[in-house]
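What follows is a group of structures, each given as C-alpha cells.
One chain, chain A, appears in both complexes that follow, with chain B as partner in the first and chain C in the second.
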Partner chain A sequence: MLLRHTSKEVKEREGLTINPAKTCQPIGAMYAALGIHGCLPHSHGSQGCCSYHRSTLTRHYKEPVMAATSSFTEGASVFGGQANLLAAIDTIFAVYDPDIIAVHSTCLSETIGDDLQQITKKASDDGKIPEGKYVIFASTPSFVGSHVTGYANMVAGIATQFAESTGVKKNQFNIIAGWMEPSDMREIKRMATVMGVNIVLFPDTSDVLDAPQTGKHVFYPKGGTTVTELKSSGDSLVSLALGSISAEPAAIALEKKCKVPFETLDIPIGLSATDRFIMAISKVAGVTVPDEITADRGRLVDVMCDMEQYLHGKRVALFGDPDQILPLTEFLLDLNMKPVHIVSGTPGQRFEKQMRQLLDERSPETNFKSGLQADMFLLHQWMKNEPVDLLFGNTYGKYMARDEDIPFIRFGFPILDRIGHSYFPNVGYSGSLRLLEKILNAVMDRQDRDALEEKFELVM
Partner chain B sequence: MEANRIIPDPSQVREELIQKYPAKVAKKRAKSIVINDPEIIPEVQANVRTVPGIITQRGCSYAGCKGVVLGPTRDIVNIVHGPIGCSFYAWLTRRNQTKPETLMDANYIPYCFSTDMQEENIVFGGEKKLKIAIQEAYDLFHPKSIAIFSTCPVGLIGDDVHAASREMKEKFGDCNVFGFSCEGYRGVSQSAGHHIANNGVFKHMVGRDNTPSEGKFKLNLLGEYNIGGDAFEIERIFEKVGITLVASFSGNSTVGAIENSHTADLNVILCHRSINYMGDMMETKYGIPWMKVNFVGAESTAKSLRKIAEYFGDEELKARVEAVIAEETPKVKAVIEEILPRTKGKTAMLFVGGSRAHHYQDLFNELGMTTVAAGYEFAHRDDYEGREVLPKIKVDADSKNIEELKIVADPELYNPRKTDAELEALKEKGLEINGYEGMMKQMTKKSLVVDDLSHYESEKLIEIYKPDIFCAGIKEKYVVQKMGIPLKQLHSYDYGGPYTGFEGAVNFYKDIDRMVNNPVWKLIKAPWEKAGNGNGAGLAASYVTQ
Partner chain C sequence: MEQIGILEGRQKQIFEKRQGITQPDIACDTSSLSGSVSQRACVFCGSRVVLYPVADAIHLVHGPIGCAAYTWDIRGAVSSGPELHRLSFSTDLQEMDVIYGGEKKLYHSLIELIEQYKPKAAFIYSTCIVGLIGDDIEAVCKKVAKETGIPVLPVHSEGFKGTKKDGYKAACHALMKLIGTGSTEDISKYSINILGEFNLAGEAWIIRQYYEKMGIEVVSTLTGDGRIDAVRRAHGATLNVVQCSGSMTWLAKEMEEKYGIPYIRVSYFGIEDMSKSLYDVAIHFPDRPEIMEAAKQIVSEEVKTLYPSLQKFKKALKGKKAAIYVGGAFKTFSLIKALRSIGMSVVLAGSQTGNKDDYARLKEMCDEGTVIVDDSNPVELSKFILEKGADLLIGGVKERPIAFKLGIGFCDHNHERKIPLAGFIGMYNFALEVYQSVMSPVWQFAPRKGGTL
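Coming up: the complex of A and B.
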C-alpha cells in the first residue's frame, strides 16, 4: 500500500493539510500570462517559486515554459524587492526582448509589502520600459486562494491593464477563458468559428503550450491573445466569462473599466454546460445555431443513449478545481452516474454555494467539502468508508486509485504522467464525447478485467 | 577522446555568450564562464547571486533542504510550514524510491504535509497553527520523527519553528520533533538548503542511538538519494562484496539508521556538494574519515570499490571486491562493445546539479563521447576546482547567513578510525580521503565550464556546438528538444534508471544510444520542407506536367 497510513476514521483537522487538492496562486498567474502573445511571466519572489512553477507546468505540458524571477536573497527580503524587480526588467528587455512582462507576486514579496503597482510605475517613470512594450502585474500572494484564484487575478490584471474603450463598439464579444487546457481554448475558438461569430478569447494558450516540433525553439510561440485584441476587448459588445471563480473577476474588471456587460457561464464541459454555452452565444450574437453544432450535440447524446447501461449508478469520487468539477459533476449526473465524494482545496463561498445547489437538487447525499482541509487525505478516507467505482482527478489520484484498486480518469491540473490533455479537449460536445469515451473505457475495461471466464463478453 | 567535429574556439564562444547582456551583467557572467585547463585550473565564479531577470535553472534553499536531503527518508513526517505551494511542488517530484522492509513499516514519502498558511496566519503569526498541525500529525500517525520546514514568509513574520518543535517534542516524549530555517530566500540557490539540512540532521538525528552496528566493514553512503533506484543498485553491490551499509544519507533511509550512523567506520561521499558538511562534522565529532567516491560509471564503480577495500586494508575484502568486479564486468562489456560504435566520437554537454555534471562525464567517457562543455547549477568553487581552493573562497554576505556549526570531538564517542599517518598513506595511494579534486581536472583542455548557465547561454551553446546530447533538468528538457537535440534529464533520469553501479551503467549506455540514434530526430522536417517548397506547389506541378 502506498498510502498505508490513511485510516478509515475521519477526524476533524484544523492545522494540518495532507495531500492537498490545490496549489498556490502564482502558478496560476504564470499559466494565464503564457496565454498572452509575446509575454514573459515574471515571478517576484525567491528563485524556488519560479523554478517550481516552471517545472510543474513543464511536466504537465511537456513543452518549454519560459518565465523569469526576481531572485530574492535575504537582503531583498529585508530591504524590499524593488531593486530586484527594476534590475530584472532591465535584464529581461535586454536579453529576452518580450512585448510584455507579466509580473506576479509571491508570499515573500507580499509579506514584505512590495507594491507592484508602485514599482512598475517607477520602472515606467525611469524609462525602463521600451516604447511599445508593457509591464503588467497581478497580486497573487500564496497564502490566499489557490492556483485557480491566482489565474483569475492575472486574467483580471490583463483585462484591466490592456482593455481600452474608444467609444465605438465593435461587432465582437469577449470570451474569457476560465482555467482550461490549450486544447479546450482551441475548441472554444472552433465552436465560435462554426457559429460564425467574432470573438476575442483571452487568455489563449493554444499554439503556446501545444507548439509543434519544428527543430527550432520559438521563445514566444505564435499563439496567445495579442495586445491589439486585448485592447479591443474594451469595445466588445459583451463578455462571456467561462467559470465563476477563474474567469468572472476579469469580466467584472472589464465591466468596471470599459462598461462591457457580462454573463458568467460554466466551462462548457458536458452536455448541459455546453448547451448553455451555445445558447448564450446564439443569444448574444443573435445567430441561429448551425446544423454542424446540432449534429455534434446529437452524436454526444447518441452515445449517452446507447451506452447508458454501463454508466447508470456508477459511483464516482472526484477532486479538482471549482470551475472544472462543477460542470463535470453535472455531466456525471446527466450520465446517470452517482457522484459520491467531491473535494476541492480552493476556498470560496461562491463555489460552495453553486455545488451545494446542484447537489441538493440532484444528489443531496453526496459528500462535498471545499476550502481548508478539503484535501485528498479526506477524500481517500471517505472512499474507504463508502467505496466508489471510479475516481477523477489530477495525477496524484493514482496513488489512491492503486491502493483501492479502482479505475482512474486523469482530469484537472496537474497531469504529470500522461499526455493528451493539451491536444484533445474536454469542452464542447466533441470534448465531452471524448470524456465520455474515457469514462466508458475505464468502466468497461474494468468489467472485462474482472469478468469470470464464462461471463466474458465479446460484444458490449 | 577525439570528437567527430571541430570544437569551436572557446574564447570566441565566451564572447558570444555575454555579448547581448547589459554591461554590468556581462561583466558578472564573464567570471562564471571559463576555458578549462586541467593542468592549471582557472578560477570559476560560483555560488554567487543570479542576476534578477536571468532565466536560471536554480531553485531555492527550501528545495535543497526538504526536497533534496530530508525528502528521501521514509519514516519522518515532513511538515512544511507555509502556504500550500512549497509542500505541493516537492511532493513526490524527486523520484526518491524507498523500500520499507515490511508492509507494516512506516513510509510517509507518498504523503504531503502542510500547514497551508492563510492570510490571518501571516498577519497574526502561524506558530499556533503549526503546533496544532504537529499535534494532529502525531495523533494520526505516531511517527518516530516530525521535521518542520520553514518557507519564505515564516522567517519574515518571526515564527519560531525551533521553539515550537522543542515544545512539542517535550510534550510527546516519544517523537523527535525538529525544525529547519530553510526559507527560500536564504543563500543563492538550493545549496544553502543542503547546508541547513546537514546541520539539522547532524544536530537532531545523528548520534541518538549508540547501539554498536554489526559487520566488519561498516560505512555510510553520503549524498545518494535513490533517484530511480540508484541506492538499490549500490546496496546490491555492497551486499555482494560484504560491506555493511549502516546508513544512507538519505536514499532509501530510515530515521533509525541515520541516528545510528556514527557507529560506522567510514563515510563515502557521492554528492560532495550536498553533503560534504556532514562528512566533516562526523569526522570532527566521532573520528570517522570521509572519502569521495563515484558509483556513476562502471569503471568508476570498480575504482570506488577498490578504494573502499584499500581503506579497510583487508585482503579478504580486496579479493572479494576483485571477484565481484570480475563477475559484473563481462555483462557491462558486452553491452558497451555493442553500443560503442554508435556513440563513439559524439559530444555531450552537462549543466546540472552540484555533482552530476561531473559524475556523468565518466559514463560519457565509457561511451566514447566527449564532454565539450559542463557546469553546475548550484555548486561552489571547490566542486569545480577541487577542495584545495577552500581557504581561498571569499565568504560573502549570502554565505555568511548560513550557520556554521562549531563542532568539537565528542568526549565519549570520539574514536579516530585511522591515525593521521594511516590516512596520509591512504591519500598517497590516491584515495580522496577528506578531499575532492573537483570536476575540471577531469575535463579536456579548452572545454568550456559555465556556472549557473542561463537559458540564453544554453541556446547559444547549442547553436554553436550542436552537441549530440544535452544533459540538464525538466525546465530545459523540451526547450532543447524543440531544437532537435535530445535532452537527458539528470535530476529525474527521464523516469528511468538506476544509473549507478554496473547495472546502472548498462541502463545509461542503452538510454543514451536510444536517444542519440533515435530516428525521430531525422523526421522533424516535413518532406515538402526538405524539398524546399513550403507550399507543396512543386509536387502538384509535377502531376500537372505529366
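Coming up: the complex of A and C.
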C-alpha cells in the first residue's frame, strides 16, 4: 500500500510538500559543529528540535550524538530566549565542560527575534565564558533553505569566529569540507597526505561519528578540527571549498576576514570531480601528483572501461543534496548512464544554474527541479511517467524503489537502514571505485535476477 | 566522562533507594534545565506519536519542513489496511509565510491533500512557529471541513507550550472531538476500547485477539491500526482499557466524564501484567462468567507453553543486571517484573515523563540500591550503568549507541522495536532478545564497561 498512494498525473501544488527531499537548517548546523574537537552543539529552541536532530544523526551514524538545548518554554517565547541561553551556557560549561559551545538558532528563536551575536557577546561580557573556552554561533532559521544551508551557515560561522591572521603566512592550505561523511573526510586527509600537502580540514567528523568501541562513552571523541588548527586557517595560503552550496560561504568569509584566497570545487565524487580536486591541490601547492594517486586513478578508469558495457544507457533517477548530486550526475554521465530525473529539496539559483549547465551540455532532456515542491512525491510521479532502471537517494528512496521494483543505491543523508557510509568513502578515486562497484552490483544483480534461465550468465 | 558529575539542579530528579533513609519525593513534571543534554522531546512530538497510527487520516504538519521530515515513518505502528500515516505532509513554511501568515498555504495544502487522497479525516499539527505568527488554524480547519465534508481537526502542539505530555493531551483533545460522532448501534454490552496501544510490530493485533477470544468486542484501538470510523464510535464501548497511561489517561477520564465509561489501567508486558490485564477486564463483566473462564483458559494455555520456554533464558541470565530508561513510567513497572521473571535484577530505573505517583510506586517496587531517575541524560545514564555494573540497557534510539559503546546488551523497548514485546508471545520475544543481546559472543571482543579488554 505504502507509496502506492502516489498518482501518476503531475499537478501544480500551491504550497503542499509531500515526502520532502530535504529537512531543516539546524540539523546541518549540529552536524557541522560535531566536526570541531571538543565542541558541544547547542540548539537554541524547543526541546524537540534537539531531540529530533540527535535521533536522526544517531540513526544515521549508530553513534551517540551529544547536543544541548535551551529548552524553550512559553515564557521564553514571550520574553525572548536570552535568559535561557545564558543559563544554558552556565550549565554547559559547569557540567559538560566542552572547549566550545556552538549555538545554532531555530525557527522559534529566530521568529521571536533572539540575536545570537548579542546574546553570546553578553555572555562573554558577563564573564560566563571561562578562559580559553569559546561560544560560537550561527543563525539557522528553519524556514529558509534546508539542512544544507544550516551546515553552510555553521561552517561559515566557524571560519569567521575562529580564523585569525597573524600576518605571517603558513605553508598550509585550507580544505573546507562540504557536507560529506566522516569516511569522505578521512579520505580527503589521506589524499592530501599522499600528495605531501599540509592541510587544515574543517569541519572534520572523522573519529567523532565513526569512533571505535572502547568500553566508554566518550563525550568528546578524539576527532574534529582543533581550535589551534581553526585559528591558523587565517594564515593559510589558499582555501579549497568543496561544494559551492555547503562550503563556499565559509571560504568567502575567510577571504573577507583574513584575505585567504579561495577556489571552489565540487566534492570529489567520480572521476572528473576527483581529477579537478587533485589538479587543484597540485597547482596551488606546486606539487606533482604522486604515483600512488595516479595508480588509484588508473584502477578506477580500468574498471570504468572493463564494465562500461553493463552501464551504458541505463536510466537513473536521483535525489539529494546539491553538492553531492552535482558530481554524482557528472560521474553517471561519464559512465554513459542516463540521468532521467533529478530532484533536490534544497533551493538555490547557484545550484540550479550549475546543474542546468551540466545537463544542457550533456543531457538536455533530463527532468530537474530543486527547491519548493521538489520532493520525493514529484520524483516518484516522474518515475511513473518515465521509468528508470536505478534510483539513488537517502533511505526514504526505498519506498519508491520497492513500488517501482527497481534497484536502489543509498546515497546522501539520512541513511537510516544500512551501515557503510561512515566507513567507506564516495570521494577520491578509490571512493569512486567503491561507488562504481555499488552501481555495478545493483545493475548486475538485477540482470541476474531477471534473466531467463537460458540467458542466466556465469561470466559477466 | 569521569570528571563530569551530576548536573546541578538535577539532584532532585535522582534518587537511590537506601534502607532506613527517608528521601523527599522525586521532582518530576518539570521542564528540562536549559543547557542539559536531555533525552526528552517536545509537545509536537507527543501529539504526533499518539495520533500517528491513525492510518486512514492525513497528518499535515503546519510549519517549516523539519518537524514533518523528522517524524516521517519513524515508528513501526503497523496498519492492516491504508497507510496514509506513513507519508509526510508539510506546508513547508518559508520566510514570507512567517511574515505574512501561513493560513492560505494551509488551506490550499489541505484542499490538495484531501482531493488527492480522499482521507476519512485530517489532523493539522501546529508547530512552534505557528503559535507565534498567529495563524487561525481553527478557522481554516472549519472552512475546509465544511467544504470537503470530512472532519478536519486542529492539534495544538506548538513545541514550546509545555512538555511531551501536553502533546499527548492535545492529541487526545483532537480524538475527543471525533469520539461520539459515529453510530453505536449493534455494539455489544461486552465491549471495550483499547487505549494507549499503538500496534508497534503488530502488538495491538495480539492483544485484540486475546480479548476477542474471551468473547469481548473491541470497538476501537486508540490508536494502533487506527481507523477514523472506529474512533467515532468509541463511545459505544462499555469499558476503556488503558495502556501507556502517560498518553491516554486524560482521554479515558474525559470519556468517563462525558459518556460514563469507566476505565482501568493495564500493561501487556510480562506474564504477570498480561494475565492481569485479561482478568481485570473479565472482572468488569461479572454477569457473564464465561468471559472469566475464557480468560483463565487463555492464560493457562499460554503460560503452559511459555513458562518452560523461558527457563533456558532464566538459567543463563540469572544474576545479570539491567538498567531501564524509557518514555513512560508505567512501562518501567512491567519491565521490572518481566526482568525478574527471567532472573535479572534492575539497578537503574527511569523515565522521561513519569509523575509523582509513578515514582513513589517505583521506589516501592525497586530493590535496595536501585537508582531512580527522571528526565535523565547520557552522562548520568553512563555513570550509573558503569557504577552499578549493568549488563543490559533497555531504552530507545538515543540510548542504544550508549549501551553499545559501554559494551553492554541493549533492548529497544521504544517505538523502534521490530518484534512484538506485548502479550505472552511478546514475553518470549523479550526474553529471547534480552538473552541474545546480553549473552552475545561479540562482547568478548569489546573492552567492556569502561574497562580494558
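FYI, the second predicted complex is superposed on the first by the 459 of 460 C-alpha atoms of A that agree within 3 Å, B and C clash if a C-alpha of one lies under 4 Å from a C-alpha of the other, contacts with A are read in each partner's own complex, and residues count from 1 in each chain.
Methods note: contacts are C-beta pairs under 8 Å (C-beta built on N, C-alpha and C of every residue); 3 or more make two chains touch, one makes a residue touch a chain.
These numbers come from a predicted model, not from an experiment.
Clashing of chain B with chain C is the outcome of superposition onto chain A.
When the two structures are aligned on the shared chain, A:R13 is found in touch with chain B and with chain C. Of the two partner chains placed by the overlay, chain B and chain C both lie in contact with A:D90.
In the superposition on chain A, contact of A:K369 is made with neither chain B nor chain C.
Touch criterion met: A:I112 reaches chain B and chain C at once. Shared-chain residue A:H60: touches no atom of chain B or chain C. When the two structures are aligned on the shared chain, A:R410 is found in touch with neither chain B nor chain C. Of the two partner chains, both chain B and chain C are touched by A:G45. Overlap of the chain B and chain C interfaces on chain A comprises residues 1-3, 5, 7, 11, 13-20, 22-24, 26-27, 42, 45-49, 51-56, 58-59, 62-74, 76-77, 84-85, 87-92, 94-96, 106-108, 111-112, 141-144, 146, 211, 213-218, 345, 372, 396. Every residue of chain B that touches chain A in the complex is listed here, in rising order: 20-22, 25, 49-63, 79, 82-93, 103, 106-108, 110-119, 121-122, 129-137, 139-141, 151-153, 155-157, 183-189, 397-398, 401, 454-456, 459, 473-475, 477-484, 524-525. Contact residues of chain C toward chain A in the complex are 1, 3-5, 7-9, 31-45, 63-74, 79, 81-84, 86-95, 97-98, 104-106, 108-109, 112-113, 116-117, 127-129, 131-133, 159-163, 378-379, 382, 397-398, 400-402, 404-407, 446-453. Residues 1-3, 5, 7, 11, 13-20, 22-24, 26-27, 40, 42, 45-56, 58-59, 62-74, 76-77, 84-85, 87-92, 94-97, 106-108, 111-112, 141-144, 146, 211, 213-219, 345, 372, 396 of chain A are the ones touching chain C in the complex. Residues 1-5, 7, 11, 13-20, 22-27, 42, 45-49, 51-56, 58-59, 62-77, 84-85, 87-92, 94-96, 106-108, 111-112, 141-144, 146-147, 211, 213-218, 345, 372-373, 377, 396, 399, 416 of chain A touch chain B in their complex.
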